[in-house]
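Look at the two complexes coming up: chain A is in both, with chain B in one and chain C in the other.
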Partner chain A sequence: MTVFNLYIFDRNGVCLFYQEWNRHKHSGLSQEEEFKLMYGMIFSIKSFVSRMAPVDFKDGFTSFCTSAYKLHFHETASGLKFVMNTSLNVISIKDELQYIYSALFVEHVVRNPLSKLGQPIDSHIFKTKLDSYIRGLPFFIRST
Partner chain B sequence: MSRQSGRSSDPRKVSQELFTLTYGSLVSQLVKDYESDEEVNKQLDKMGYNIGIRLVEDFLARSGERRCNDFRETADIIAKSGFKMFLGITPTVSNWSAAGDEFSLVLDNNPLTDFVELPEERSQLNYSNILCGVIRGALETVQMDVNVRFVQDILKGDNQTEIKVKFIKRLEDAVPAGEE
Partner chain C sequence: MTIYSVYVINRAGGLIYQMDHTMPKTEVEKTFSFPLELTLKIYDERVVVSFGQRDGIKVGHTILGINGELVRGRQLEDGRDVLEMIANPDNYPIAIKFGRPKLSTNERIMLASMFHSLYAIGCQLSPEMKSSGIQVLETDSFKLHCLQTHTGIKLIILADPRQGGVDALLRKISEVYADFALKNPFYSIDMPIRCDLFETNLQAAVESSERSGMYGAGI
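Showing the complex of A and B:
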């Protein structure tokens, strides 16, 4: 079990935050390109999922798996998007992503008047707290 | 206007008074800084907007509210959950327009105006105009473009304080570059 990386996008598609932990393979794209590609895919999956759904459901798109990793998605009512890649055996991290939003993002970014909304986060305290939170997760096991 | 009887016994209300008085000094400073009431109203609305776009995140994180399905649900959440959480009051939602795109929030107890009397020459001043900005900013962040304004104010001799909220349009998610 492990955590690979985390993206936070705002509702305009700006990547507010990115960090990787155990990512072994890189996309070969510039980081900016990668963010755009990721946001575009999330955007498309969201509309795909809501259009193709055969039944009404509340949550919309929450995750997808490939043979090697699982991508978890959480969106707030204000349009913030949290995307985390983990190994396959992590079941659901909805609560963890909600925690990152409410206890870390709101607390250290939104409530900090000096942090501009809609721009990449450069709050040191947010980054430190997030990093130690992720590292403390039960499914964060560093594979060296 | 003495509605503060017995307030000091409740510890939470003490901070409410601090809030009320701080807001009062903000308004009085604006009144000094700007000549016209219109301009003061505008500044209050602008400040409210800037508060609202941040406050809504705090609200969503604490309340766990999800996206609303219709404007009636929105009205209910603002009155019963939002006002309750931040001001400790629950306005009444009323005066729905036939199309369901406009409602009124009727405040029978506005904590912002607890110690206020409006002098006659300030008849254009919407003392609590910051609330309009807060509501507008908060709703914009959850993709609703609204128009918010005071239509009645106890401070101006009306029977009640009434804020009208009108739905204008739904703001769409930003489409990523290069996609339609």
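Showing the complex of A and C:
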């Protein structure tokens, strides 16, 4: 069990934050291109799911699995998107992503008058708090 | 516990087979007086609810019928425009039927090729080595299961999130595809599947899986 990486996007598709922990493979794109591709994929999955759904739904897309990783997705009502990739055996991290939003993002980014809306986060305290929170998660085990 | 539908996509991302197994009814009919408490808009040549959820009518539902008459796109069958009818106070009280829009064949083909590229992107953005594309896509109301065979055909099942035994069903369907579509001398590869035997066997496989999956064969 491990956490690979975390992306935070705002509602316009700007990548506010990215960090990786135990990532083994890189996509071969520049980081900016990768953010665009990730946001585009999430955006398309959302529209795909809303058209494909045979029944009415509340939250829509929450996660997908491939043979090697699981992508978890959480969107706030204001359009902030939290995307975390973990190993397959992590069941659901909805509460953890919600915690990152409410206790870390709101506290250290939204309430920080120096951080600008819609700009990548450069708050040092947010980064360290997030890093120690992720490293403290029960399913975060450093692999070699 | 239900299996909603099955899709088969060829190597190029073309939809070659699609079957709806159980489609839950989401229709609501209600009589309104003037003015209408819902906000409607035209989206994709359909009249869609954009604001004002009430009485089981959800945002995203389209107008399916007015006063018992069917609605085609943004017009009634006799050519009257839906929005004009709703804007005219003389037509009230008015009974409007709302529901989830049914997908047209063209939309299904588009969605299938969209999934084909999402599958590839999911593979490219992997943080781990040797990842496949999307195998299970979860939402709170349904789960999409996808199996890519060695020959590149994608089999997709939309099912209830609690439905068990879907992986076994996917393998069964690939068997049915190999036996009754590929071995049919009149079937040309990568073309839409129109084989009766394929259809009946697929139907039987889905039904038996639905029955056995009821008892919770796991996830």
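Heads up, the rule we're going with is that the second predicted complex is superposed on the first by the 144 of 144 C-alpha atoms of A that agree within 3 Å, B and C clash if a C-alpha of one lies under 4 Å from a C-alpha of the other, contacts with A are read in each partner's own complex, and residues count from 1 in each chain.
Criterion: contacts are C-beta pairs under 8 Å (C-beta built on N, C-alpha and C of every residue); 3 or more make two chains touch, one makes a residue touch a chain.
Here the structure is a predicted model, which is why all the values come from computation and not from measurement.
Asks: Check the residue A:K58 against both partner chains and state whether it touches chain B (first), chain C (second), both, or neither.
Replies: both
Asks: If we overlay the two complexes on their shared chain A, which of chain B and chain C does A:K36 touch? Say first, second, both or neither.
Replies: Once the two structures are laid over each other on A, A:K36 reaches chain B alone.
Asks: Tell me the contact category for A:S44 with respect to chain B and chain C: first, second, both or neither.
Replies: both
Asks: Looking at A:R23 after the superposition, I want to know if it touches chain B, chain C, both of them or none. Which is it: first, second, both, neither?
Replies: It touches chain C, and chain B stays clear.
Asks: For chain A, which side has the bigger count of touched residues, chain B or chain C?
Replies: C
Asks: Where does A:R11 make contact in the superposed view: on chain B (first), on chain C (second), on both, or on neither?
Replies: Only chain B is touched by A:R11; chain C is not.
Asks: Tell me which partner A:V106 touches in the superposition: chain B (first), chain C (second), both or neither.
Replies: In the superposition, A:V106 touches chain B alone.
Asks: Take the contacts of chain A with chain B and those with chain C, and give the residues found in both.
Replies: 40, 44, 58
Asks: Give the list of chain A residues in touch with chain B in this complex.
Replies: 11-13, 36, 39-40, 43-44, 58, 76-80, 98, 101-103, 105-106, 110-111, 117
Asks: In the complex, go through chain B and note every residue touching chain A.
Replies: Within the complex, chain B contacts chain A at residues 53-54, 56-58, 60-62, 64-67, 141-143, 173-179.
Asks: Can you name the residues of chain C that touch chain A in the complex?
Replies: So the residues of chain C in touch with chain A come to 4-5, 23-24, 26, 58, 60, 100, 103, 107, 111, 114-115, 117-118, 121-142, 144, 158.
Asks: Note which residues of chain A are touching chain C in the complex, please.
Replies: These residues of chain A touch chain C: 4-5, 20, 22-25, 27, 34, 37-38, 40-41, 44-45, 48-69, 71, 85, 87.
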